[in-house]
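Below: one structure, written as structure tokens.
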Amino acid sequence: MQRKAYKIPGQPRTVVAVGPVRIGHDSFPVIAGPCAIESEEQIMAVAYAAAESGVSVLRGGAWKSTSSPYDFRGLGDEGLDMLAAAGKAVDLPTVAQVLEAAHVDLAVERVDMLEIASGNMQDFELLRLAGRSGKPVLLRRGPSATIDEWLWSAEYLLAEGNEQVVLVERGIRTFGTVGSDTLDIGAVPTLKETTHLPVMVDPSHSAGGPMRVRPLALAAQGVGADGLIVEVHPSPEIARSSQAQLGIGGLEELMTALGISRVRRHIDQIDRQIVRLLARRQALSLEIGRVKQARGLPVHIPDRESELLDLIKEEATHLGVDNAHVEALFELVLAESRRLQHEMRAASDRAAVS
Amino acid sequence: MQRKAYKIPGQPRTVVAVGPVRIGHDSFPVIAGPCAIESEEQIMAVAYAAAESGVSVLRGGAWKSTSSPYDFRGLGDEGLDMLAAAGKAVDLPTVAQVLEAAHVDLAVERVDMLEIASGNMQDFELLRLAGRSGKPVLLRRGPSATIDEWLWSAEYLLAEGNEQVVLVERGIRTFGTVGSDTLDIGAVPTLKETTHLPVMVDPSHSAGGPMRVRPLALAAQGVGADGLIVEVHPSPEIARSSQAQLGIGGLEELMTALGISRVRRHIDQIDRQIVRLLARRQALSLEIGRVKQARGLPVHIPDRESELLDLIKEEATHLGVDNAHVEALFELVLAESRRLQHEMRAASDRAAVS
Amino acid sequence: MQRKAYKIPGQPRTVVAVGPVRIGHDSFPVIAGPCAIESEEQIMAVAYAAAESGVSVLRGGAWKSTSSPYDFRGLGDEGLDMLAAAGKAVDLPTVAQVLEAAHVDLAVERVDMLEIASGNMQDFELLRLAGRSGKPVLLRRGPSATIDEWLWSAEYLLAEGNEQVVLVERGIRTFGTVGSDTLDIGAVPTLKETTHLPVMVDPSHSAGGPMRVRPLALAAQGVGADGLIVEVHPSPEIARSSQAQLGIGGLEELMTALGISRVRRHIDQIDRQIVRLLARRQALSLEIGRVKQARGLPVHIPDRESELLDLIKEEATHLGVDNAHVEALFELVLAESRRLQHEMRAASDRAAVS
Amino acid sequence: MQRKAYKIPGQPRTVVAVGPVRIGHDSFPVIAGPCAIESEEQIMAVAYAAAESGVSVLRGGAWKSTSSPYDFRGLGDEGLDMLAAAGKAVDLPTVAQVLEAAHVDLAVERVDMLEIASGNMQDFELLRLAGRSGKPVLLRRGPSATIDEWLWSAEYLLAEGNEQVVLVERGIRTFGTVGSDTLDIGAVPTLKETTHLPVMVDPSHSAGGPMRVRPLALAAQGVGADGLIVEVHPSPEIARSSQAQLGIGGLEELMTALGISRVRRHIDQIDRQIVRLLARRQALSLEIGRVKQARGLPVHIPDRESELLDLIKEEATHLGVDNAHVEALFELVLAESRRLQHEMRAASDRAAVS
């Protein structure tokens, strides 16, 4: 039986959409946020720093899975509300872990992406629910999971019809003593050969301390991972959960080292918006084309075009953009519109003849 | 903070009661049954073989956790009903795995002991529910869990007030390629030093095939484990889940190799019953003692005693037991009764004086 | 190509002879001695305790392989002389590790068996030299060696024509933290299926302390290993190398727990001597047979036999052994001698005819 | 006791010189060559490709350590002669593995750097000999060595007075199944914190195939390793040892991906040469200064300087280098010379006064 997680030669790789972010397509998106959401102030501070430094998705823990029953267990859905508000405030999509069945509905209403923790990689009931949630899913590798077992867990999500799955390499249990686990960096190229799903790297646990997050993040970028997950806290030294999180300054340095900047992210987003507007414009232009054809009007109506260009140049002048540059651009756009309308007429003529 | 799972010098080790079985006290109890319950016929066949060969607890899987979403997932609570019926038929207590919150109530009504699978060792919500269930719990080690992490998971059960916890060593993930995991036999003596909880061994996965179950079981007995868990299927080659289960013949050979026999188990049970009857007899004898004291009668009433002995000897003759042997035994019992009654009188005299 | 280390169905398992000890045949022989030989007094104290408690082979380290270049490195060939003298004093064969090519000749002259350390499992030049040495070899598993890599190293010994190889399981590197390594107890039954070579277990490193040597030794006995290696030091707390060695008292307790006693070992040795004398007697009797045939004398010469029996009974009386018992035994021996002589005559008659 | 391999705050990191290459200083030097030297043609083909594509050191195996005793074991010192000749032909320094004591002298005479194989990381006698050899040493990590054990092995080299040691991370044994081992990428930043020795990465074994060498090499560059080791063979598919080597084309693609080019390497070398010539010029200029002072001549002798500049400009014209550019450069050089001579005179005046 063909497994749905397997790469099929000739088929495109899966791109996972989280708000405007496209994991598997954008250049090295970073997901960042506190291990545990502790207060409104805390998550807001992280959110602003994240947005400012070019992070793509805001992440925060509402429920914490701790070895000891006596530890802080997270703020629960109240924490989730804080995360959602923070994401909204800085216009970043959000992701949070769900640890049990009851969390799924609570999270679906509040965040843009669900995350399955390492410890739940084989919690098959939770996987089914996440699969059916309609949300994209981050699936972390279990610390002793082989790559094949990991892909089988992804299969549980895909089997529910959810293809929006991102694999997260976060280290495996070995005798090595660097961090609590050893980052299996070789898993990234191996997965690229095996599956069509994107793969991100989270160095938090294997780094074993904030000073080693940056080199491992650069290794992840070098090896060809589709992005990065990092833990950030405004005051890591007093964090209520993991104390190996980056501070705000550490995040900024990391993003600079990765060559990611807020400006670049903004340009990417604007370009994406331009492309989307062009697509919409094209669709509208074809509608007009159909009307013109129905009324027996020609494709090219020079007066309309020169009027339109005048309007554009006026706007450009107003915004301080070079007139000639804008005019040249829009002449290309108009030419494309005419080409498409002609093509449409030719197609309908052929249809009429036959 | 003192962890409840830790051994306290001078305190007795925990004994876990499952029906008449005392894990941590009985000599190497064996828990056996099919990996997955497949039908009434299957579980009945295993149950009879188990009882016959000296197994202490009947085990069966009603819900199966499989890597692939396309595999057989167990018969669910219907399977649990079959397990309960089979246990009743052969007079063995029963145990079954619970994989998610919803299973706990279903299992509590039907079986005598709950089991937490390796993959759920850190499913903390499930641990809490199992802790509150009032049932004894088998807690399997996760394949990449350190001993400390494992004991923290036990702590979740103990923190709910449930001390009836048995740890199950079943192998850890290593580079070794014998089975799917490497049996960490050294974990047994290590746990004996650290915790008061009993430790059993399940060699199924680390054996990597039925032919290596026996040597590993003998190793477990040698190393001082408190008992064994084995998977048994009437026709292992057509089993719907794991195909590394022992057949009926394999179980019998194993039990013989372990020096466990049905006869010996029966003797153990009878002895335990005799002890319980002696305890009840003693309590009744003290009640009679109080009546005699109240009525001013002496402790020793020879006629009553000789009448009682006659009755016993008659019964012995009828059952083919040597008369002199029985008489000697009961003279000891009667002497002890008198001693206790005298002691009681002395105590009440002292109380009256003071 | 058929590997020489592989088991061939129907072929007997290899028995390795070290002095009078037969590894792979004797019931659970124990090899014991100090991690490092430190002085004549030390090795002598261990040797006497070893012999007294039923140990089969005396072991001691003359060269030590230590992680740090600043540690005690052993007494070298002077230490080897002490080991040889101690073995001779208590009549036990000896074994010592060789760490480099130059050690092989020095060891061959002084001890009965060579040992290859874990760290040298793939020191192929050393393996070749050990293979050619004519001495039996203990081959320890490397801490990260798969079973297949281990058997390839054994193949280096066998390829030199040396079949006297004993494999020693001593633990593998894992994330587990019991000792410095995790005893892979399952390797023993796996090797029994794959190779004809005997397998011993050394729990010293995986035990991580003397208190866990006994349970692991019993596990090794349970799993079906061909014997045990333990480290013993008269004062473990001041040992110059490993401080996880058993003391003299610990060795005695261990041997008792294993059911091995000096008396039992002596009986085994005497029985073996009787069998060897019977074999020699038989050879001599056949020689006499040939003389009798050449001279035309009959096989059965009653006078000679009764004279012989008289002599034996006299000796038995002298030593306090029952006369009838001895007479019965020797009548069996004489009958066997006659049978063999008749068989020989028949064979030579057939040869003369054809 | 302070270990010599440990980093001392404030002290510079060790730079290891191999011919003109400075490991720990140059930007990501690459060491490349065949796993095993098979023939003159083979090593020459690799050498030319290596030099052409910007490789810094030529590497080749003369002795091979193979699991099986029946495999190709290398050409021995004859192979080493081929390696030396190839290195000379393309003007690259060379490195080769030594597997046993006897190899050290043979290698010292022929190559510029010795390499200790993974399997020999704890061959302490070999380490001592390599330490005393006077050659720089590549020390590969053993597959089950902790970072501390690895640094202890480096200590053996340092203890012999040899500080020219480069650590090579090449993967550790884990349950992961990507290659034969898992690259412990996190070891690199950990070592940077602990030791002053440079660290290179060899992805050959952990890659488990040539297609994953490039991503892992980029990860090594990202994580901050001091360089890379790769295996290259003109026809990897018919290689007599490892068949996971890169082909010539693969090497070129890799070097381009790493941003390393022959041109850039040449520029680096030329710059280094310029700096060395400047240093020599400066020393000579100070000598002249001393002569001028002794003869009572001034520091600045304009005629000599203009004569010198004329000579330089003539040469520049001849070679097609811009005259003004050269003149500007040398005026800086001359100014620095004068500054140094003045400084020298001032110092000797102060000495005369006091």
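As written, the chains take the letters A, B, C and D, and residue 1 is the first residue of each chain.
Just so it is clear, a contact is a pair of C-beta atoms (placed from the backbone, for glycine too) under 8 Å apart; a residue touches a chain by one contact, two chains touch by 3 or more.
This structure is a prediction, so every number in the text was calculated from the model and none was measured.
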{"item": "Per Cα centroids, the chain farthest from chain D", "value": "B"}
{"item": "Pair joined by the larger number of C-beta contacts - A-D, A-C", "value": "A-D"}
{"item": "Centre distance in Å when chain A and chain C are each reduced to the mean of their C-alpha atoms", "value": "66"}
{"item": "Chain centre separation (chain C, chain D; CA means) in Å", "value": "52"}
{"item": "Intercentroid distance (Cα basis), chain D paired with chain A, Å", "value": "41"}
{"item": "Per-residue overlap in chain B, given as positions that touch at least 2 other chains", "value": "144, 172-175"}
{"item": "Residues of chain C touching chain B in the complex", "value": "144, 146-147, 172-179, 182-190, 192-193, 203, 206-208, 211-212, 215-216, 218-224"}
{"item": "Complex contacts: residues of chain A adjacent to chain C", "value": "173-175"}
{"item": "Chain A-facing residues of chain B, complex", "value": "1, 65-70, 99-102, 119-120, 122-125, 128, 142-144, 148-149, 152-153, 155-156, 159, 172-173"}
